[in-house]
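The structure is given below, and queries will be raised subsequently.
The letters A, B, C, D and E name the chains in turn, as written, and every chain counts its residues from 1.
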Amino acid sequence: MRDDKPGAKYGRDEWAQWGVALVVFAAVPLLGKKHFVNMGNEILVMGLFAMGFNLLYGVTGMLSFGQAAYYGVGAYTVGLLLSKGVAPFWVALPATMAVGGALALVLGPLCIRLSGVYFTMLTLAFAEMVWGIVFKWYDFTGGDNGIQGIPMPEALHSPLRYYYFTLAVVFVSFWLIRRIVDSPFGAVLQSIRENPERTGFIGVKVRRYQLAAMVLSGVFAALAGGLFAGYQHSIHPDMLHWTKSGEVILMSILGGVSSFFGPLMGAGIIVFIEDMIGKYTEFWEIWIGGIMLAIVIFFPRGLIGTFDTWITRWRNHGKHAETAARP
Amino acid sequence: MENTRKPPPVLEVRHLSKAFGGLKVTHDVSFAIPPGELSAIIGPNGAGKTTLFNLITGKLVPDGGEVLFKGERIEGQSPADISRKGIGRSFQITSIFKERTVLENVLVSVLSREKKTARLFRRATAHGDAVREAMEILATLSLEGKAGETAGSLPHGDQKRLDIAVALALNPELVMLDEPVAGMSPEERAITVDLIRKIWKEKALTLLFIEHDMDVVFGISEWIRVLNQGVLLAEGTPAEISRNREVITAYLGEEIVE
Amino acid sequence: MDGNLLAAQFIGGLTSAMSLFLVASGLTLIFGVVNVFNFAHGSFYLLGAYFAYQAVAVSGVGFWAGVLLASLGAGAAGVLMEYFFLRRIYGRAGEAGFQILLTYSFILILDDVVKMIWGTDYKSISKPVALAGSFSLGEVTMPRYDLVVIVIGLAVAFGMWAAIRKTRFGRNLRAISSNREMASSLGVNVPLALSLVFGLATALGGLSGAISAPVRTVTPGAGIEVIIGSLIVVVIGGLGNFWGALVGALVIGEVTAFGILFLPQWAILFSYAVMALVLIFRPEGLLMKRGAVR
Amino acid sequence: AEKIVIGAMYPMTGRAGRYGIDSVSAAEIAMNEINAKGGVNGRMIDIIFNDSKANPAYSIKVAKRYITEDKVNFLMGVVSSAVGLAVTEVSKENKVIFVGTDHASTALTTEKFQPYYFRVSNNTYQSAAAAALYAKDIKPWKKYYVIGPDYEYGHRTWEDFWMLLGRQRKDVQLVGQAWPKLFEPDYTPYITAILSAKPDVLVTTFWGGDTVAFIKQALPYKLFDKMKFYNYDGGGNYELLEAMPTGLPKGLVLSARHHLNWPDTKQNKEFVAKFKAQTGRYPSYAAEGAYAGVYFIAEGVRQAGTAEDPDKLVAVMEKIKFKLPEDPEGFMSYMRPIDHQIVQVQAIGETVPDKSFPPATMMLGNWKIFKAEEIIPSVAEIEAARKAVKK
Amino acid sequence: MILELKDVHAYYGTSHVLFGVSLDVDRGEVICLMGRNGAGKSTTFRTVMGLTPARAGTVLFQGKDVTRLKVHTKARLGIGYVPEDRQIFPELTVRENLDIGRSSGIHRVDGWNIDRIYGLFPVLEKYDRKPGGQLSGGEQQMLTIARTLMGNPELVLLDEPTEGLAPVIVIALKEMILRLKEMGTTILLSEQNVKFAVKVSDRVFIIDNGAIRYSNDIKGFVEDERVQKRYLAV
């Protein structure tokens, strides 16, 4: 009923959004512009990164400022395995998930002892240390120069094929995330977001679930990083920097953390306007800043969340009209 | 032969103490609760009643003393472990999941008890048995009609009963309620008290509650313990307590007894 | 390793610490005390530096008058930002996230505004002549200006502590931070207090920018670089704790000063390592009582 | 006829913004000059610009868009080496010539070399080699201390120098090093550490604002009285001289990839004057790089007679020889086929009082000039480096 | 008339909660607003205070239209609000909590001050320097009431003040209300404890489903068992 209360529902009846998203992304290449395929690819990858992040933030209520570490580590897993010829892409991509999850298993237990800002800052500190190692370890990671010319398998060499491959991987991941959110496990995560203390009193070992949420979101972040490495054939320590962690937070909030597809929408908007505006002016920052500002002010639940509200309100219009009409 | 022996207590507290800074909030408190008892804890504001609950249920770690649940020492264990052993509680300041539906509130608790919360891919709401059970629990507290509503938008009294429902979903042997009817209208209060008594009977629970409403306390409890300044001042039947001079000056006041 | 070196490093670390603290002070005020996270704090630092440049180098105002004007200017900008934008998101569900988003958009906007007005070349202002030199104690040198920075830093720390702990305004702020609705129900003018505190915090940001203008580079992009450093200081000190922030800055300053003697290759990670250690072993920050966290 | 389209990427925001914006202005000047004379083979030049954000991933995206959407004939630009390394990969994959105008990593012309890449500004090796020649003759410079930003450029600029100097002097010694992060705002503890180590020379590999901040903070410590300050790649740039109208010490040994007051040729003076007239400011060295880039492309197209055939273009561009503002009398910059690295004369100077380019009150003087051929790695060295990577 | 509500409508988001509430309170009266849980008592109070602003209708305080005034302005005009869920400031000490209560800026020679408050609630004096968050539930309730009194309001909105208080304290509270009344303070009370309400109030309003359904003086109400049954199930 109280549709305007954010967080009330984590995106139910969103089947229409699934349809729209699938159709739009599947149709992008039909427009015949390679550039759109590139952008679509980036949006999908960042969308996956953001949706994985939102499993932690929007669902479990843990604001991590260190997600770039997992994303970057995923990218470097693909980059290093492929460029050193250790493993083929088909092995490297799944391996990202293992590596991302493992990293979360190492860092997570230290982070989850804290809550609120302190948690946020500790994730930042650890991520920056991972960044520092990647940035400085020239012999292994290429240091700040990164790794270029990552050799991709023949089958995925064409951007178009890679695009559809990404589309498939990303949507399967979305579907998995959706299932996780709806599962008993997901219900516990949402309980933790709302009231961690009470969750403990129903017999749930809260920290274990928080850790599991970190691991899952690390897994998806790393997968996104791996996909990105395969798409750009080139990776760089910037991918692990805090600015990247910040970007994924901004995308999620912009799109709406309480709606399932909010983060994807946020990713789309940011990637799109960055691309559009950069073309026309050197003063792109003020434009993007202005657009973000407008979204913050006029879309109190993020883009999708606020659309949802409008739709519900419109649907309920008839019901409320009679009571609202009284002077 | 066995039957004549007094059954072992469900909960036993021995020489429990807790201090915050210099303030001794729980001071060498000992008592035992036999199975199936419906009892109340009363005492002035700040006497340490809620603290005692917190010590028993694992929210606080005692400075000294023991807590035994069915003969097993549990003090210092986490709330999660203690809840799983069979102690359910509600909170003085209602503690529910306000942004989720009423059903979901109870369902999570049921799933937790059934150890199904590690399931990743099956919908929570597709666990038919659990949903059915959650609905039954809601029904016992007359909340079944509101299953689909967002918990936070319920009236205060319903929220308090939901808090109890969440605790009951753990299928506990011992239920501890912290001021279960505070803030309720007389009507709701009457309903809730009836429900509590019914559940206690039907489920053969041991039930312990804190309350400042003396009509309720004296109306339903078999046994009353009085805390004052962290010390167990008295315990006894309602009749005994209502006549206890110390209890009257410290807590009841003259007026109500008149 | 001789005593002179250690003394020199210690003093060097102290100076760095004070600059760090000055920037962080505004952030502790707004973030630590009132729970409003201003990601754009560094942009006000930047504004302060440019305002000081405008006042001192272009308009020829005296140095300290310029610093004062710059702080006031940054504070005024902060009040405007609070009044026209931030205010609209108070009380919204997920407010913290929107604060990040909104103030982040201001980083972008202010950076471009600065670029539009002042261009991309590096600007400079000179210190007052009297402060150009340095004191020497044997081998150990300390710039006069740095001493002044230290004094200002201490004054700010003390002033803020007193303002927050000892005045009605400070008490009201602490009340607002835990419950804005209730504070206003008791007659506290919450919107005004929030505007004021935001202005004060951004004025402190501007002050730190103006004070560092003579010894740093005044250039677009310099704002974002100080924000993470100040966040670290605020957090390891304990939210809302001015002495904590001061101690945090000292720890970071000294660890860096001595760390570079032994591990020069890893300097970029020192502050993160310190933060991680502090948070692991003293999760509530250095000066907070155990368990005192909300 | 169709336009010759150049897709340029320069940082226009953040710390390196000055370089990017100067590059844009200079590229536009070159474009207008060429177009005013009727273009190249009758074709006009058109340059499109986009912020590189000094971010490799973003730059790759822009480069790809340039190629697929805007159908550019050439890619140009880039201030950061990491971005250069990323973009050269795109250039290779798509066979679109990439002209580097202002990034110095040697890797681009050695290990990571690919035929469609050309660089029209010095690399770190050239600066370091000149610097080593300069230092070798100064006997009292024995104890060295190095401080630089902690990333590849900072390290590599130093290492090349130290390696080359070591070949020629056995009596030099490294007494300490410090690697603050790039854009570190506060150098105080580094300065006290340097002073305690008492070196004869302090080598810094800072660029831009970091040099400014370091000098400002070191001044009250009288650091410059106690040791020589040596920055041979980015330090002599005009932006530093301009940023410190007061207080910049005399006798700092500096260089940059282009100077306003050297060489004293008509072409250089005209370039500087024109830039100043059009933008209201003096160019930083990056500007001359971009200017050279546009002329290099124009010359390539002129000689090849096409802008569309990359292989034919490579063949002629490899051998281009042309006169740039930074070329002294009697010398012309030329491209070396083996590594597509431009070969140029390098000059190192000292700060001396000079008010001819206000607001700066100091400019570089007392020049020492190093012949172009003396400061490039030999063909054998390059081949060895490439082989080492292949293995 | 010190307070008058005319046809007030209030919403939480899109859900309509008050459907035209009208009531009036005379100076110096103690009025009790009764009703089931969820009837709209607290919302009425929040609307008077401006925390949940009325979307339609008017709120008059001392004859002045205050419907659209800011919350703190109303507090400074002399409306004091004691919420039902004891919103003390947990990090502030008891003393600081009380000091905040003075923010309304209203001073009266015969008014409330720290000493008189401590006389009324001795526990608070004992915990003078303790953070409010560490008080027991009942202690917090006392603090909430005391804090509002510190502002010397003309009109006090007391939302379920007896909730969670020990019987002895309830007795003290009753005395306090009577004393406030003597001092000329007007009180609008919401109460579930009918025995208590009857002892302190002059008049009663009953709200149900967001509208006033009944009003009477206390004697009439006590005698009207039908109403008590119907709306309160007593």
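Before moving on, here are some points about what is shown:
The working rule: contacts are C-beta pairs under 8 Å (C-beta built on N, C-alpha and C of every residue); 3 or more make two chains touch, one makes a residue touch a chain.
On a predicted model such as this, the values are computed, not experimentally measured, just so you know.
Counting only chains that touch, the fewest steps needed to get from subunit B to subunit E is 1. Shared contact partners of subunit B and subunit D comprise A.
Relative to subunit B, the chain whose mean Cα position lies farthest away is D. The chain with its Cα centre farthest from the Cα centre of subunit A is E.
The distance from the centre of subunit C to the centre of subunit E, with each centre set as the mean of the Cα atoms, comes to 43 Å.
Separation between the centroids of subunit C and subunit D, computed from CA atoms only, is 35 Å.
With centres set at the average Cα position, the gap from subunit A to subunit E is 47 Å. Between subunit A and subunit C the centroid-to-centroid distance comes to 31 Å (mean Cα coordinates, whole Å).
Among the residues of subunit B, those in touch with two or more other chains are 153.
Across the assembly, subunit E contributes residues 12, 15 that each touch 2 or more other chains. Residue numbers of subunit C whose C-beta contacts span two or more other chains: 111-112, 115, 265, 268, 294. Put simply, subunit E touches subunit B in their complex at residues 12, 15, 35-38, 84-85, 123, 134-139, 141-142, 160, 163-171, 192, 194, 232-234. Every residue of subunit A that touches subunit B in the complex is listed here, in rising order: 1-2, 5, 7-8, 176, 179-180, 182-188, 190-191, 194-195, 197-206, 209. Residues of subunit D that touch subunit C in their complex: 13-15, 17-18, 21, 150, 176-181, 183, 185-186, 188-193, 195-196, 208-210, 212-213, 216-217, 219-222, 239-240, 242-247, 281. On subunit C, the positions that touch subunit A within their shared complex are 85, 88-89, 92-94, 96-98, 100-102, 104-109, 111-113, 115-116, 228, 231-232, 235, 239, 265-266, 268-269, 272-273, 275-276, 279-280, 283-285, 293-294. Across the complex, subunit D is touched by residues 4-5, 8-9, 11-13, 15-16, 19-20, 111-112, 115, 119-124, 126, 132-134, 139, 141, 143-146, 212, 214-217, 219-222, 224-226, 253, 256-257, 260-261, 264-265, 267-268 of subunit C.
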